[in-house]
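There's a structure below that I have some questions on.
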């Protein structure tokens, strides 16, 4: 069997496809669960999303408010005082998500892997 | 060792080295640690199908050592050697069963083995298995690169030599 | 590799269900004009965090510059009179006065009127002229504050604010409260002031990063046990006008943003309010004076970053500090 060339073509295809599958699975199962909230370029707060108590956080910029809701280990922009409201439409974000951004209010909520326990600033 | 053999090996090694140096100028366009096009392997794959195993080993080792000196990155040596030798041994074995019309297949598998060897060395050096999480991505890119170098090597082998 | 995270997850969930000793509890609070994140471990974590949050609230009530009923503001609207305050406030004010003397005027809590003039508090930014600053500076000088038997007297024309020492003091008090509630492992982030209690539940040290004054990330990590880490930098609160940056850490002598060549000053030590005071002081003092100051006392540790990207670190911290990968700044150990 191993002298059959098609066998080896199959092996190569298998290796390639497995790698593709593994890449896709890994890419989508990222587990960064440290939330960093940055307003106007400054890190306002950072915390672990997992096990975080359900609550609401309010951020203000030039009199406009963003309300972030944390529930069951996920968060979303519950309301935003801004013209486009794109951030409200992003829905619930869990660990490993792409950042939640409210551009007009300079608010960025990103998910990172924490390599430090805290940052002195 | 006769002069012809020595000259041939020297030529191939220099050729591989030149390709390697030129390739250094190309910035890695994928954010993967250890990502390389590996074009110099065209020479390695060619050698596997044309030269004796010992000669292949010499070419590969020489090219890696000289390449590391030129590139000025001694840290990468362990990874390059590990990847290069893993790949070479694998391809030498495969060349016994894969014919000259399927050299591209051998090259693809060799590329995957190269990534495996590279990653294993990296994990030993950095004492963490976290680097393995990049392996699938590296293999995807590696197979693609391997296909390309394999096709080039296959053309070279079939046109420059007769069985 | 796909199996590994699953196995680790299974093992971790077993651990978590077996004992809550490693369970992490967190609390985010808004106080002292900033966000604070308190993290505690162990079975008393919830209890401890509640108590700590209450304590912070109480202190904020006493020391806040925004709250017009705070003890500090009551003092401010009664200059020339001995105003009775709580022991916490009297003690902190006396401490701040001592620090003014010890740091040769680098730390001055009586600059509130100047800070206000710049608009850092009201967000109506403007650049005061020399004459205005000179007249405001006449009413400064923390050594003129009188503290006696839990009452504080400030001279006419002076306004004081505890902003440069409040969070440090609050951190220590909150940490004590946590310990009183039986918490042995916690890390408190009070708007960037870091206070730790004990070590991590698994016995390892805390990894505390220090903000890169030139960018978004961190330039180094400190491995520490129970301690305070306080950093002062112009990047925290500033405004830009005509391409120039004006930050809120002022030089008490000129009334203008301190430009001593230091862009980030970190003080590490056992006493929170001391570290808080020192980080601001060293930012104002500049490299040479800060090093001289440290050598004369050696009762804290420092990490300074200059505008030429030089890192200066006091010798005892040498083994605990790690420059970030990829950061090529020079590190000089101060003996």
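Chains here go by letter, A, B and C, matching the order in which they are written, and residues are numbered from 1 within each.
The criterion applied here is as follows: a contact is a pair of C-beta atoms (placed from the backbone, for glycine too) under 8 Å apart; a residue touches a chain by one contact, two chains touch by 3 or more.
Computed from a prediction, not measured in an experiment: that's the story for all the values here.
Here A is the chain whose Cα centre lies closest to the centre of all protein Cα atoms. Comparing the chain pairs A-B and A-C, the larger number of C-beta pairs in contact belongs to A-C.
Chain B and chain C have CA centres that are 55 Å apart. The distance from the centre of chain A to the centre of chain B, with each centre set as the mean of the Cα atoms, comes to 37 Å.
If you average the CA atoms of chain A and of chain C, the two centres end up 30 Å from each other. The set of chain B residues touching two or more other chains comprises 133, 135-136. Multi-chain contact residues of chain C, defined as those touching 2 or more other chains: 1. Shown for chain A are the residues that touch two or more other chains, namely 22, 26. The touching residues of chain A, when paired with chain B in their complex, are 2-3, 5, 8-9, 11-12, 15-16, 18-23, 26. Residues 1-2, 5, 23-28, 30, 35-37, 39, 187, 189, 192-194, 200, 206-211, 216, 218, 221-222, 229-231, 233, 235-236, 266 of chain C are the ones touching chain A in the complex.
By the touch criterion stated above, chain B contacts chain A in their complex at residues 94, 97-99, 101-102, 105-106, 108-109, 112, 133, 135-137, 139-140, 143. Across the complex, chain C is touched by residues 22, 25-26, 29, 31, 38, 41-48, 51-53, 55, 57-58, 115-121 of chain A.
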